[in-house]
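These are the structures, in structure tokens.
In what comes next, subunit A is part of two complexes: it sits with subunit B in the first one and with subunit C in the second one.
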Partner chain A sequence: MNGLGIIKGMIETARNFAGSYHDPQRLTTVQYPEQKLPPVENARTIPFLVFDGDEAMAGLRCTACVICEKECPPQCIYIVKDQVKKPDYVGKMQMQPKVFDIDISVCMSCGICVEVCPFDAIKMDQVFELSTGDRFGKLLLDKHQLAKPNDYFVKIHKTEAGEIDVRREEDKLKAEAAAAAKAAAPKPPATPGAAK
Partner chain B sequence: MSGLDQIFVSLAHWVAGWFPASVQPLVSAVLAIAGMMAVFGTCFALTTIVERKVLARMQNRLGPNRVGPFGLLQPLADGLKMLTKEDIVPFSADHALHFLAPLVLTVPVWLAFAVLPFGRKMSAIDLDAGILFFFAIGSASELSVFMAGWSSQNKYSLVGAMRAIAQMISYEVPLVLATVPVLMLAGSLDLNDIVAAQGTYTFGGLARWNAFTPWGLAGLLLFLIAATAESNRSPFDLPEGESEIIAGFLTEYSGFKYALFFLGEYLGLFAVTGLAVTLFLGGWHAPFQWLEWVPSWLWFAAKFTSLIFLFIWVRATLPRLRLDQLLNFAWRFMVPLSLINLLVAAVWFWSSAWNFPVAAAVRWLLCAALIALPYHWLGRVLRGPLPPPRQYSYAE
Partner chain C sequence: MSAGAISSELAEPAAEHQLLEVSLGPQHPSTHGVFRMDVSLDGEVVVKLKPVFGYLHRNHEKIAEKCSYLGSIPYTDRLDYICSLTNNWAYAMTVEKLAGLVAPERAEYIRVMLSELTRLINHSALAGFLLQDMGALGTPLMYAFREREKILDLFESLTGARMMCNYMRFGGCRCDLPPGWIEQTRSLVANFPSFLDEFEALLTGNEILLARTEGVGVLSKELAVNAGVTGPMLRATGVNYDIRKVDAYGVYGRFSFRVPLGERGDVFDRYMIRILEMRESLKILEQALRDIPAGPIIDPKAKLRNLRPKPGEAYGRIEGPKGELGFYLISDGGPNPYRYRIRPPSLINLTILEDMCLGQTIADAVVILGSVDIVLGEVDR
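And then the complex of A and B:
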């Protein structure tokens, strides 16, 4: 009969109307500031800098190689290299950033900086409540604000951080083994410098 | 009982009594206007929040619940927001028309309330040609919509206005034709007479509302569908179709002018709903004789509220029509059906003299068949032949 579909549809909406009052399972709304959904592991918002150990600036993985600065499509990263070097996790002396700024009002959350970083130093964060009343000051984050411990990285991106930790542990063991072998071995017969 | 029934009338008389006799007619007119503006203004504010809440619930959401308890202060917040917003008029717009369009929509709509009887002895003016006045006033909204669309100098506004004109003029025809049987059988254009004609009881206390007759029921449905289209509500909200033409004729409106358009649209809906109650649902009369003790204005309010809820319910259910579907529906279904309904009303009138056992049932069934068969047939014609079953070809 004509119009039967309209009646069927109206019964469906009436069922929703009544059901939403006695069956809370139907309501999909999350009342945001009070209720929050558990974070999703694949969520990615803005970059942050990973550091190892307890002290942020000493453990910073970043070596100021400026690959991310060059690759960043909207050019929101600004790096100045420091003159002083510091040892990295395998004990090798590396450069470190004197200034590392990210303008998060410019950042487009593409994650290219993360993909090009050879040191696993820059990773994507999950913070999203970034609004601020200060348009110019609070949206330019420096290296102190950007630095976050590896534990935090493990917490938000468990799978990715686990793989990286395993790889870095292996590197460290390999480096120690090499150092031990070097220490145990007799003095090399001739290095180019020593021969002179 | 009669005290509560006539409480507003007595109140107005009491207040008017303070004034000298020469200005009493003016005072009572001002009181009636103020009362109506207060009631229907509040009604507008409440409807915006209730509509959002009900729509949300019908879509399994919560709806606005942040401002005040249960979100009840939301209309206040919306009103404040609208008032404080910048009023932008496009550089190339026709400023005078752009300014006038919301006023042309809102002012006549208030006038339409003047003839509606909200309760026993509760119509602002007792006009002999009340229903003519109502439709004459109501047709100003077409003018306003086209003024808005034309003066904005915006292609979306113009497209929306053209759609609105096509839609409103098409649906004006079935809207008026659906009311004609009521006028014919009541023998009057006065809305108070029409209500009085539905005020008697049959079958041990069942009211003689027009909606309880076959032609009245069909007329009510036709009237409600046409009223939905007249007030640009979903599923006939093509003039504003957000997903197609931004906001139609409202595209270049902001701030309080935009709010005035909304006010006008909702008041138009209220007026036409009040007319539907008056014409088909017995006005302020009770459905059963033993319920006559309930104040008449409460009956009107109850019927009015249920119809508003029905409009919200339909909005939550049906998707928007395409323009050709909309016009086909008006001209190939609504107009013929309302003409046939006129014929059925004539048969009903002719058969009122029947005087044999079960005459009432035979009469009712005959008239119902006379309207149901064309309904079925017209629906088939409108739909056309069914398309052949679809052939699907899947990728290997």
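And then the complex of A and C:
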């Protein structure tokens, strides 16, 4: 019969309409500004720089190796190396960035900087609602604006940050053991037999 | 001009053979992006149609020739932005051929699952948009997008992004599945057929849909083959050609699934093929979710940075949701490809648009364009 298909379709629409009052499968709308979904652990938006301890610039993990600057596909990272070195978490002297700018209006949130960083220094943030009228003040971020504590990183990417923290702790212990061995090692040749 | 001149123009005999030229697009909701059709109309009937594109040209191929092999993966996401993961796969596969890398089995299973999920997204979105072009404003598209959101949630929990996934790497995948992902996908796959049944009850028997699609935009087998049309467009004409079967790339050889074929090659067949393909995709997903092995997800030989494949060339192709998506790379031994070329299914399927539209009404031309399934990000690159 002509029109039967339309009636069948209408029944389907009515079922969906009625279902939207009680079936969570059919009512998926989130009233966004008032209501927000919990963030997903893997979600990524823009990069930030991780620092350890309380002092942001002293604890910055970045060693200004410029790998991320070279690999960044849209070329949104700009780094200038500092002449002054600073000790890293195992006490080794490392370079540090004098300038570290990310133009987040150019950044395409691909996360390649994170993937290539050998120092776990740059990670992806989960902030959004970044729109602003101030192009250079709010979207061209310098290292002070980019630096965020490790606690924040642990908060947003729990699994990944946990693994990194364990690895860094091991490295630290190894470095301390090596330093202790080194401190102890030169002595035996100076006073042979004293070790016994 | 005097009033007399105007009235004399109006008084001319009705122009029977005077054609009306209409520029449809580029900012027109039915053109699926920034695409323009220069249409010559005789009354309501299309007598000439010229597709005009290039409004979304981003110089993708040239940029990729200046980028490292790793750096162009995020750009491939932006080709066909509805199916970023299949684009990733086609590119990763080509670099693997070029550099002699082999993806581990688990990575291949993950790729199959993701690309079938992508196919579900693409086909459900296409069905929704096609119906919108026919005048079913909102409702089917809303239902289709509701299901799409659920799949995008899975993508987000795995890759970190809903659309620009940037997930596959040459030699494997970027990260392993998060805990609980397989179970979530399994429940999605279990619930998806009920959505398809609902969608079909809503539309497939609908008399208006049948009147608007049956016998409209018929594409003959010969023309489709000669023009190099691939994907659901080709199969709707009855040609049994699916690269998943022909090449059996990845681990597709291990799954049992059927390739739906059309008979007449009209818009209805093209719509129906997509619905049937979604059902077959669900079968593949069920098998892949059951059989996925444990193990590494990336080839230990794969070097993401400073990859310098030996001089040579490679062509990799996959069955994307829109058709044969191919990448052609030439390496001269440097850190970036010497030549980088994409075979975009959308563009090549679009070349026969005029042949399908001639003799149809202008309203049908919109529906025919909708059934071709184009994404301008891929057409213009």
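Operating definition for what follows: the second predicted complex is superposed on the first by the 173 of 196 C-alpha atoms of A that agree within 3 Å, B and C clash if a C-alpha of one lies under 4 Å from a C-alpha of the other, contacts with A are read in each partner's own complex, and residues count from 1 in each chain.
The working rule: a residue touches a chain if its C-beta (ideal position, glycine included) is under 8 Å from a C-beta of that chain, and two chains touch if they have at least 3 such contacts.
Predicted model only: the values in this text are computed from it and were never measured.
In the superposition on chain A, no contact is made by A:Ala184 with either subunit B or subunit C. By the document's definition of touching, both partners, subunit B and subunit C, reach A:Thr13. When the two structures are aligned on the shared chain, A:Gly3 is found in touch with subunit B and with subunit C. In the superposed model, A:Tyr21 lies in contact with subunit B only, and not with subunit C. Of the two partners, subunit B and subunit C, it is C that touches more residues of subunit A. Residue contacts after overlaying the shared chain place A:Gln31 against subunit B, while subunit C stays out of touching range.
By the touch criterion defined above, A:Val84 reaches neither subunit B nor subunit C. In the three-chain superposition model, subunit A touches both subunit B and subunit C at residues 2-3, 6, 9, 12-13, 16, 26, 28. Of all residues in subunit A, only 2-6, 8-9, 11-13, 16, 25-26, 28, 40-44, 67, 71-73, 108-112, 115-116, 124 touch subunit C in the complex they form. Of all residues in subunit C, only 67-68, 70-75, 77, 139, 143, 146, 149-150, 153, 156-161, 164, 166, 174-175, 178, 191, 198, 201-210, 304-305 touch subunit A in the complex they form.
Here subunit B touches subunit A in the complex through residues 54, 57-62, 313-314, 316-318, 375-376, 379-380, 383, going by the rule given at the top. Residues of subunit A that touch subunit B in their complex: 1-3, 6, 9-10, 12-14, 16-17, 19-21, 26-29, 31.
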